[in-house]
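What follows is a pair of complexes built around chain A, which joins chain B in one and chain C in the other.
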Partner chain A sequence: MDFQPDLPIPISYVSGRYLLFSIDAVTYLRREHHICGVLIGTLPQIPQQNVFLGLPLELMPEEARLLVDKGVACIVDEAKAHDGMNTLLEEDRRRYLRDLESQGLHVSRIQSDRKERNREQTLKKLEEKKANAKAKATASAAAAQTPTVPEEATSTPSPKNAAIVDLFNAEDRSSSPSTALASTPPQGAVAITPATSYPPLSTPPPSSHLSAPAVPPSYPLFAHLHSKGYFLSPGLRFGCQYMAYPGDPLRFHSHFLVVSYDWDQNIDIMDLVVGGRLGTGVKKGFLIGGAQKGIDEANSEADRVDTVRAFSLEWAGM
Partner chain B sequence: MADADEDVIHAPANASTQPEVDLSDETQDFRFLNHLNFFADSSPGIPRRGEKDFEPNPTELQADVLAASRGAMHNALSYPRLHGAKTRVIAFYAPDGYVPPAQPDRAKPKAGEDGKSSESTPKPARPLPSSARISPDACVYVPSPKGQFFKTMGQADSSSRVWLLPEEALYLIERGSLDIRWPSPSAGPGEEDLSVPMSLQAAYACFMGRGGLTLERYSVYTGLKRLGYALVRAPGWCDDIEPQDTDIPDASQAAPAKLHGPGLAGILGSLFNWIHDPLSTASTATGPIIGTGIHRHYMDVYRKLAIIPWYDPVTAPERHPFDTSPPFRVVFHIYKPSTPFKKSAPPAPDFRIAVVSTRDQTTMPTMTQLGALLESTPLDPPRGEKMERMMYMRLRHGYRNVVMAVVDQGVVSYLRIADSAFGKEKLYENKGGPQGPKRSRTNQKPRKR
Partner chain C sequence: MANTQEATKRPNASAITEHIAEKGYDSPHLATSAQVQHNLEHQHLWTSIIGDVIPGQAGNSNTLSKDPRQPPREPIPLLSGYPPHRVYTHPDEQLYMLENGIREDDLKPERMFVVPTTQGQPWSLRHMAAVFDRLPEFKQKAEEHDRSVDATSMQPGAESLDPEKAEKLAQYYDKKEKTRVTKEWGTQRCLLAMADKGMGGDGTVAYYVVHEGDVKPRQN
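Moving on to the complex of A and B:
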């Protein structure tokens, strides 16, 4: 859980977007750097729904930039890195396939164990049922007031159950050694589609890293709020640029709808009314802000972040 | 503030039947996944949304709950993509695109080994005329397809291999239903099979950006696939194709739409002309709007008062899909799960969707762009008994419609855009009035007269 991946974490640059495929990197960045991103992949265990999504994780350019500027992450051109697959050495291939096979064997062993346990549980239940039925039958026989026909009816299932139990037992006995046998040859191994390509590919050298991502003019405000401990996520669906959460969005509702403006930009009063009313309507503050220094005046983006000022609007009495 | 917020959240949880709550709107607590048993055969239901706290506080309890949530998320996301021996479907990546089978008789029985070796040799990726159906963008083939997915995906070639488009292959590998292998460098007939499985990361790296597939389009594709819809690429998929060199898709795609479009438009258009007599407004410059004649009916007066021209979507010209400006262009045709779908002859789509990325397109579409987008869809007038009866449903349905998917960094919002015809709804002709409260008014009307 508290796994610490090797830094810098490679962020995959795929077709103009920033993605993460390693679960350890995702958990680490969320825990230590308050970077959540957006999960966009299908969860293989429940693939037909959109509520819980899985890897990969898409990062906003702002998030990727922030991590690169902090020295936590680097950008890797994934398409170029995967050209290495063609030149993979034969022994590397073999080793990789062997690794995957042992993983697959491990998984199939877990699965068969689980099946075994489930079977035992159902057996136990059947056993109990049988015992209950017997107890009932004997009880009814002892009472000797019930006619014989229902008694027979109640007693008939028990031999049947017993037969089923025997069947299960027999299958159990015969199958358990066979599964053990089957797991030794490679056919028993479950095939696995790995989430990442490292291994078999080796980590790309620092010289191949791409430069820091280009960011929109709203970046200083993003970085400012992030430095204050807020978790930020894309907010267009909710009518703003970013949603600002006071803690991990897993556990907290957002507090602010964030919109960034340039320092000298004229703000339409209607935008403030609309944003303010929208925010208040959903019990959030409408937050506007921007960097005082322009891109030309500051040496770096970090310089600009220090000059950010933010204001929040809330409708009173609504 | 917090209480009201919580109340809002609680209300839908109690009434579980409320369909308005979109659970995917918000980050969900992954601890709910713990209650699901993934190894059970029955498909698990979707968990309900949970409670959230207002703001962090330094209590141990909150820290523990958060740690548990993150742990559950970690577990859920690290679940591997497994292929059991029985359900495993193997596919091969063909970096050069579609390659016709070298020797059909050889490729048929054991396509797994032989097809692959023929792939690795450099060959021109020109499709044969016999397999012209296979898209040049296809880059993954399945030698022995099985399972439900190939009912709506892929195109079979002459040796019954199914070729998958990048988004189809990516969707299948992501949901753990396809085992895609890298082309193996030299797998002779007697040699050990050394084809390496493709990772999810590799699949994204290789398929994304291929043949016009963007992450936004893929997000829409996979999001709707997860809900059970069938999707096929629309003729407007390619951004860079000019109207001139698109005669072939034009003939196959636009022709059936045009067949019924202008026909119906013609009928409705003549109807409209009959109702809206242009002569009645001819005299506005010289005299009173309603003229000097004797009017026996309010209807005539109202009709003559209608001097403002209005837009009729029915008479708007049909537009070619390429005569629109990307990204405001239909890229997917969508079929509901209930629509009988045949890969070889897809029926008329239930929805048409355009995909917009908020980072590339930061402004609202202009009227011209939106109009062109709507005009590129076939006429879909409101039909049916319910629509006849209810005016507002008619207005909402419109005469042409298109769905726009706005993708903001992985967060997808769907907007339905319809061409309503307010000018067609003559309120003065509506005797009963559109709904209940107005009826009392109509009762008064005769008395006034």
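Moving on to the complex of A and C:
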């Protein structure tokens, strides 16, 4: 499933946050551009749990900036982009709803097909079992030479089997023409909640794109490490600015705790001990670095990224 | 109890303090280097320690030069010596050694470089970069020093090795030379020594390995 979304991907700017609502865009950016972001969507009924989070995906300003600079994404003011929702024509609205319904029908048809297939498979298995049991029973009957026993053996399992089938798919059991029921439209259609709003709305024109996000002074180091193939994620949980993973965070442990400094910013020697010690304690390196050029000395951020120097620290153990 | 108590005599200064006072360093940073050298020599048993200084840019004392390559205002002392055991082995190098049955004891001792610092001293990326820019020069100096001192003492009984092991070691040194360019086994590195001077200083010196660029951590 190598889905290629239309570029540039619109990043929704909502009250100071950079969000992605399309799962296709999220997987594409992770796969092709090593941008992971953080999933922040929780379940409406259990908003406290934060173990299983889903869409939307929040991007750090650094991530959004990097994508915009690469020409992969653009920033769209979410509120403004939805002004068009009010002026949507009645006809368009109806067509959109009809479209959603037909998608829902498609999904329910796939589901019922799958159910039917499962049912057939279990029935087939049961029949095989029954045949086996029968063969065994006749064999044992032949040995015992009592004609009443085999009859009982064959008759008892069938109601039991029926009960098992019942358990497997309770709704389907009531009637065999369940497929016919699914094909009658309104009840069968699965309600679809779209995560994005650009099927009814047109993609916003380039003139309406917001400018590239403002980034913290640590951006050059972020972009430098990203260009070297590292996956970066926010480091708050680990006591640093970024975590640098050598591959997808789902497959790798991180290599570095990253902290950025300006070229002439004073570094407390004690901070180096603290970072080095913390990193070594969790089998990571402590990486510090920054651009040699200040913001006012360089023409662009990209210019500064080329002048980044970094150093990694580990406890020497002596 | 009529007689008054005798005025308390101050204890004698420690050997290292006396040594530093006697020698009279131009800059406090250089005095730190004396303390670290003392620690390396007597606590960690390093040998043939030599020193170097990156001169500071005393001229423009207030306005830091805008050239990012220029070293900082104050001088930075450097030290170098031979530790009795290896201080750092890159994880890939360690893997190679394991695969080829090479133990650390078989290898020639390796010269290490140290930057003495102390708590509260100004430090920045500029300092760090200046140190790494100076290292190749200092390395050359150290090699010359080694040659002048003794050319033969650094090979640990090469003749006592069996030929198979000698072959493996030769391959290892070849590979090591190559990785210096490819940076497979890590980049330039040095030790950052941090001496504790707050609270009167208990003489503790903490050592950290610093690499240039992103070098993957050891999995200890």
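The rule is simple: the second predicted complex is superposed on the first by the 239 of 318 C-alpha atoms of A that agree within 3 Å, B and C clash if a C-alpha of one lies under 4 Å from a C-alpha of the other, contacts with A are read in each partner's own complex, and residues count from 1 in each chain.
As a working rule, a residue touches a chain if its C-beta (ideal position, glycine included) is under 8 Å from a C-beta of that chain, and two chains touch if they have at least 3 such contacts.
These numbers come from a predicted model, not from an experiment.
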Which superposed partner A:E90 touches (first chain B, second chain C, both, neither): first
Which of chain B and chain C A:G41 touches, first, second, both or neither: first
Which superposed partner A:T27 touches (first chain B, second chain C, both, neither): first
Greater residue coverage of chain A in the superposed arrangement, chain B or chain C: B
Touched partner set for A:L105, first chain B, second chain C, both or neither: neither
Touching partner for A:R237 - first (chain B), second (chain C), both, neither: first
Partner chain(s) touched by A:Y261 [first = chain B, second = chain C, both, neither]: second
Partner chain(s) touched by A:P246 [first = chain B, second = chain C, both, neither]: both
First (chain B), second (chain C), both or neither touched by A:A133: neither
Partner chain(s) touched by A:L278 [first = chain B, second = chain C, both, neither]: neither
Doubly contacted chain A residues - partners chain C and chain B: 246, 255, 283
Sites on chain A touched by chain C in the complex: 225, 228, 230, 244, 246, 255-256, 261-270, 272-273, 276, 279-280, 283-285, 287-290, 292-293, 297, 307, 309-318
Chain C to chain A touching residues, read off their complex: 44, 64, 66, 68-69, 83, 87-88, 117-126, 128-129, 132, 191-192, 194, 206-220
Parts of chain B lying in touch with chain A, wherever the complex brings them together: 1, 4-5, 8, 23-30, 33, 36, 38-39, 43-44, 46-47, 52-56, 62, 65-67, 69-71, 73-74, 76-85, 88, 171, 173-177, 179-180, 182, 185, 194, 196-202, 204-206, 208-209, 213-215, 219, 222-223, 226-228, 358-359, 406, 408-411, 413
Residue ranges of chain A in contact with chain B within the complex: 1, 12, 14-17, 19, 21, 23, 26-27, 30-31, 36-56, 58, 60-61, 78-79, 81-82, 85-86, 88, 90, 93-94, 96-97, 100, 103-104, 107, 111, 114, 187-188, 190-198, 200, 216, 233-237, 246-253, 255, 283
